Amino acid sequence: MLKISLDKLDKLFEAISASQTLYIPVDREDGAAEYKKYENGMKLSSALNTLRSAKDFFFPQTENLVDFKMEGQNIEVIDVREESEDFVIFGVRACDARSFTILDKVFLAEPVDSYYKNRRDHGTVVTMACTRPTETCFCGTFGIDAAAPEGDAACYSDGESLFIEAHNEKGQKFIDSISSLLEDGDTAKLEAVRAKTREILKKLPLANLTTDNFGGDKLNEYFNSDKWGELSESCLGCGTCTFVCPTCQCYDIKDFNTGHGIKRFRCWDSCMYSDFTKMAHGNPRLTQLERFRQRFMHKLVYFPANNNGEFGCVGCGRCLAKCPISMNIVKVMKALEVK
Amino acid sequence: MQVNDNKDFQPLIVAFCCNWCSYAGADLSGTNRLNYPTNVKIIRVPCSCRVNPMFILRAFQRGADGVILCGCHPGDCHYTSGNYFTRRRMTLLFSMLDFLGIERDRTRVEWVSAAEGAKFAATMNEFTEAVRKLGPNRRLEDLRCRKQ
Amino acid sequence: MNNDTLIPYIGVVTDIRQDTPDVKTFRVVSPEGGKVFEHMPGQCAMLSIPGVGEAMFSITSSPTNKEFMEFSIKKCGCLTTWLHAMDVGQQITIRGPYGNAFPVESDLKGKDLLFIAGGIGLAPLRSVINYVRDNRANYGDVQIIYGSRSKDDLVDYKEIIDEWMNDTGIEVNLTIDNPQEGWDGHVGFVPNYVKELDPSINKTVLICGPPIMIKFTLAGLKELGFKETQVYTTMELRMKCGVGKCGRCNIGNKYVCKDGPVFRFDQLGELPDEY
Amino acid sequence: MQEAMINKAKQLLADGTVDRVIGWKRGEFAYDITPAVFETAEELEKEFVFDDFTAANVSKYLVKESKKEGKILAFLKPCDTYSFNQLTKEHRVVRENVYIVGIPGGPKLDAEKIKAKGITGILGVKNENYTLKIDTVYGEETMPFYEAILDKCATCKSKKHVVYDELIGDEGEVLDSNRFDMVEKLENMTAQERYDFWRGELSKCIRCNACRNVCPACTCEKCVFDNPNSGVENKAPADSFEENMFHIIRAFHVAGRCTDCGECSRVCPQHIPLHLLNRKFIKDINSLYGEYQAGEDTTSRAPLNDYKQDDCETTVVHERGVE
Amino acid sequence: MKRIGVFVCHCGTNIAATVDVKAVAEALGHEPGVVISQDYQYMCSESGQNLVKNAIKEHNLTGVVVCSCSPRMHENTFRKAAASAGLNPYLVEIANIREQCSWIHKDIASATEKAIILGKAAVAKVHLNSPLTAGESPVVKRALVIGGGIAGIQTALDIAEAGFDVDIVEKNPTIGGKMAQIDKTFPTLDCAACILTPKMVEASQNEHITIHSFSEVADVKGFVGNFTVKIKKKARFVDETKCTGCGLCTEKCPMKKVPNEFNMGLDNRTAIYIPFAQAVPKVATIDPNYCMMLQKGKCGICSSVCSVGAIDYKQEDKIIEQQYGAIIVATGFNPIKLDKYDEFAYNQCPDVVTSLELERLMNAAGPNGGTLLRPSDKTHPHKIVFVQCVGSRCDDSKGKPYCSKICCMYTAKHAMLIREKYPDTDVYVFYIDVRTPGKNFDEFYRRAVEQYNVHYIKGMVGKVTPRSDGKIDVQASDLLANEQLHIDADMVVLAAAIEPDKTARPLATMLTTQMDTNDFFTEAHPKLRPVESATAGIFLSGACQGPKDIPETVAQASAAAAKAIGLLVKNSITCNPCVAHSDELMCNGCSSCEKVCPYGAITYIDKEFRMPDRTTAIRRVASVNPAVCQGCGACTVACPSGAMDLNGFSNSQIMSEVDAICK
């Protein structure tokens, strides 16, 4: 496999960013990691994962869809779409990498969402294998191997060097663009590191969590479960879980009157919000119980029903860490599970 | 401090005036033909205490460069106590805006009675000039609303 | 870049008809003339006044009408109030068509049809009724049972009286909730009227109206011997995108905007009770 | 303490004083504790927890819970009692339906602070003489207890309960906290520095509404930010202005009502020090209109609903601090 | 979407000279919802109003914007016009393009641009206006007159004449006020007492008039048509109902060294006293500061001599509460204190007196029985210097910026009277200007100069120095002769400026009326509504509104009475519909709004609601009494959820104006 010494990462980043925009995870002052546009001198974060998920790159929290100009009785529609520039997201973890394939199933399904596709087409996802998973990780539950991430190209570290391999044409093109910095390397040590990672993964507290009892055919078992009341009781109805979630993709479309035109934009929405399904004459999901249930039923039952059994969760553990009252999908799965 | 005094900049000033004192004071400055800049646009409210902080932020969002709130002198409120509440609310709001690093001189409360046409004009001249010196409001604007 | 369904077309309102005190029917054409897009009966479109709101409305005109689309809209919220206040010549934005349609070219073909509507619920069915009238040979007998609060609240009353009632092979049964001066027709709620009329159980039923009416009518139909597989309805939920992505109209594994709004009752039964 | 609380709860349930108990429920890990309502002794035995991580303020749940039938036992820490009092004052809770047992306060631990040290794979956390022994997948780690406490506990204003029906443990005192230090530090910066500081912080906002939804002062039937007719409704920080607007107005709406419980900053997934905005208001109120602690009592007039004829003019803002 | 008509007024050239009105009409014609946009010479004229009315009918308008003068001027005019054309009057908005645009700007381009923006703001607002219907509230058919001087008496008499009950509250033991202290009145030189005292008696005898003498207004609540007033009847230690005013007690009272305020402290009275012979009510009052009985518990002579047993040493202040439909303020004036005028030696020399003191010195009921003698040595003065404008027309902080208006005339009167009665006395008058506008005023002044040879000298008195020989050295400059003068005067009379009574300021606060910086009450309109305050139901009578002589005061007093009667004859008045209202579904019941309401218009009710989950719940929600609410809007900002909003100035309306202005 091709590799580059870890102490030459700067060179690598400089080379990539010379030709296209590069985003890497960097450490913030408060200890959290976030993706930043690479500028010379930035250091790759050593954190396991970024606080916000990587979905922002393809599905940003807000984006302008279309503009309107109103003049008397007339309306002018202004298409504001522009061809995205090419960019690379470096250091995406296995869980987030999988989230893209889940988002693809929504946004690239007919009719294709051109806004999403535009960015997806121009973005190259370079993943990075995990070596130090943490207690909130449960990607294994969804069949994700943290030591072998997906993505257009993947990187692996053995502590000294960064190994890199392409998974598809886009990834290969990426590697070609930096090939001058790469050399062939021996993967023996790397394999040992990966094996060790896999050992740790097995020892994690959530390693035994399985999806065996969930799936598209489990609607009746779970929808009317009497557990929902207890589980949702302390839910604040905030949007933290949905907003840090790499696979949550519900959105709202809103108009903003700028004073000289109307901007129609879309923004993340949360099924946890009380007005998510509110209509002029009523709301089919009246209490937090129904809204709470929707989020988990969608990830564990409805989504697999429509997508050949694939679940709408990648086990990244962000909601486990971030929920203000520590209620999360793991607790829900464990409480609901009917064997 | 801004070195450049923004001579050519035409700030947009929104003035909320209470119906009983300051709006009448503004009228009086008109009756007496006391000039103040066209930059100032007055919104009539029944009492200064009707002005919600949201209105002030809204004005900044939409491109105002300065917001001034005028009411009856303390003790003279048509509704007895409205301007006392205004004073507390605005003191705290302005202090908060200052805390967030928004230029202090963009906001002001001035007590103008119905008899103080001259004070109204003078205040508006002075405030407009102060805001002109600050230049365009950039720290509390909504980029979407910026005029192209 | 390809056109995106989220970017709407412009429609011009060329005619506004006050149907009932709170329902107006709007005729919409493209600025160049003609329809903005083609659709099938039961499908919907997103209408919007930018800055005011955007909402899904069923297209009440029949696809066989090649000149324009019509929307019958009840005044109930911000956008609809705005629409009700506008004048002819106003442009609106329109995107679609969205959702599935009544299976007029498959399951309904050759069948005797029973339409049951309450109030504004006639709007989506009118599209099918006129489609059927225009392709009369493809369908069997048509019976329409339509009820409203009062005579004035019957949508498209003129068309019902002048056209539908004069068609051969169409039986129209009208009812209003309470007795009213100048009304010599049936008085009573739709579900009861359906039972009174005792329609043949060979008919395929298309039903649309307020949830409470649907609930009791369905129960009545079952009593009469109808099966859930014979009855179709069309649903309404809050929608934003219209293409099954924004997540709002998700019920179970279905998205009303994409997989609906037309459902057969046996399909609905499989969905969680959240509509 | 946990034992004493469980016993107290069981006793009160048994003798019919209360019908339900609100407290905290054990999670998957050492730290992921969820507020919960318990109805039986068995549930309490099995899942009730009170330890270094039970930081959540359960007062706000009482808005809903106290309106249900029957009486609920609430275990309130000193800081939580201030919130409860404030809610009582604003008629948001039904006092008669709540039996308050005052329990000792923090300091409570912040799992994020432990993780920020690079400690991952946490399996258990033990406090041994104010040194945390942290059992992880990668072996045992240690860190000083006080480096891992929540910010809100580091600037605790009071260990005294302002309302209770019964106390477990000893009553503490109002503390002379240094809670305004950071506000002061910011006040002494230049306007540009303050602007840059807040831009840096507020630009992190993802508008998840956790701060609002957890806030015991934010119990509006409908928040202006959710109300399409309010003119300020918005869902996403679509522009830097929106971030400012949301946080300024939110702080303004709770000004004079915020008890400084610190929950907003605790729950912020982006670690924005939102409490500083509230504290700025508290500090201003204290210095301009006289010492006022929201929630201290249920009768005093809130500073923004009050005035004195000789209050300072707004120009006071211009006259102090750094431009 | 509303159908809006825009009407741009030229106001002759008042607007049209600086604002391109055609361009304004044209620009606003393109605003959304505007179906007609016109300009006209005088929109407020009948034909202008007809233009609006016809347009409303013809174009089926649902909103009207008039770009004209200040809404304080003609908002009502256009609202009425709209109403007569069948449009709800509250669907009319005014864009103030005269006072706040054309009159203050000079550049046509920028003034026009601003006028368009103001018009757009009004259009944006009117889009959100809803039709409002005014409620009604009953009128209590009783008036309160605060102050029992000639203004108050006249107002009370006129109101009583119309058949309404009226109460006079007078802080002194007797009504009569300043006029009772005056000797003669200009320009007719008739005796003040002769014309005033019959009116005082008339007031006391009128069955509709109740006089609360020695009383003060303690609290005012309520609003036009329905004020609730607390009146404090101060303890006078004499039972008013028993006292016959025989005066025996005042003769017997041993405490005879009390400065007599009626005679400006120039002589003394007793501790129990009747201010003057014709006092109304003619009832004795004990001055507790001097009464031995009240101070030390020893004496009791008055009680023992009183044949009707009216003396009551245990009497206490009493609060009575009464409802009124209208309140007339007639608190009058006082001469300013001259403590700051050391140059006139007022405090040092007893022979330097104010004009009001001179009135008493010359009055037959005064300390010298009507003979003008120097207060110091009771000798006849041979040279008297009058100084005009003492404290009036000052630009320093010592005096008042305004002209006190009455001084020129009363000084001429004094000079003339002295010269008439004591032809051997020389009289000098130092003046800045002599102001004599008024019927027969200038003739009067000319008589003083020409017929009585009063020496009028245009100039300023620089210094007044009492000399050891009893003379007073007056240093002055004669501006016309351009020379310095020294006059050895026997007396100096200072025409002190007048100022509103000190009780006026706290009263204004209670009444929620406004005052100008000099503490004169502000009238609702300086020209067109001179006797009304801006607060509905509160009227202004006499010098509390500004300096006035007696004829003017009486004229204004009658005018105020007429206005008050106009209110009292109504059975009910239309309430302002621009009041607050609470959206119960959003109300938290937190009580914030109630705390800031100055009128107590907000109460809380427990109301049953159907919750979204189809259960019912009792919730505490705010409820506004629209008859009590005055529409200030304090509650709207105190309400965090935005449940409280204000008709006519709603959150969305104001925000839409902001948006339109900032566009």
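The letters A, B, C, D and E name the chains in turn, as written, and every chain counts its residues from 1.
Everything that follows uses one rule, which is that contacts are C-beta pairs under 8 Å (C-beta built on N, C-alpha and C of every residue); 3 or more make two chains touch, one makes a residue touch a chain.
Fair warning: this is a prediction, and the values are worked out from it, not measured in the lab.
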Each chain counted as touching subunit A and subunit C at once: E
Each chain counted as touching subunit B and subunit D at once: A, E
Far-end chain from subunit C, centres as C-alpha averages: E
By mean Cα position, the chain sitting nearest the middle: B
Of B-E and A-B, whichever chain pair has more C-beta contact pairs: B-E
Chain centre separation in whole Å, for subunit E relative to subunit D (CA means): 53
Mean-CA-position distance for subunit D and subunit A (Å): 30
Overlap residues in subunit B, where contacts from two or more other chains coincide: 53-54, 58, 62-63, 75, 81, 85, 89, 142, 144-145
Contacts with two or more other chains, residues of subunit C listed in rising order: 87
Residues within subunit D bordering two or more other chains: 224, 231, 238, 304-306
Chain-chain contacts as defined at top: A-B, A-C, A-D, A-E, B-D, B-E, C-E, D-E
Residues of subunit E touching subunit C in the complex: 1-2
Residue ranges of subunit B in contact with subunit A within the complex: 62-63, 142, 144-145, 147-148
For the subunit A and subunit D complex, residues of the former touching the latter: 30-32, 46, 48, 51-52, 61-62, 132-136, 200, 203-206, 230, 233-234, 236-240, 242-244, 252, 254, 256, 265, 267-270, 273-275, 320-328, 330-331, 334
Touch list for subunit A against partner subunit C, complex: 65-66, 68, 70, 73-75, 77, 79, 81, 83, 106-107, 109, 111-115, 118, 216, 219, 223, 249-253, 255, 257, 262, 264, 266, 269, 271, 276-281, 284-285, 290, 294, 297-298, 301-303, 305-306
In the complex with subunit E, residue positions of subunit C that touch it: 82, 85-87
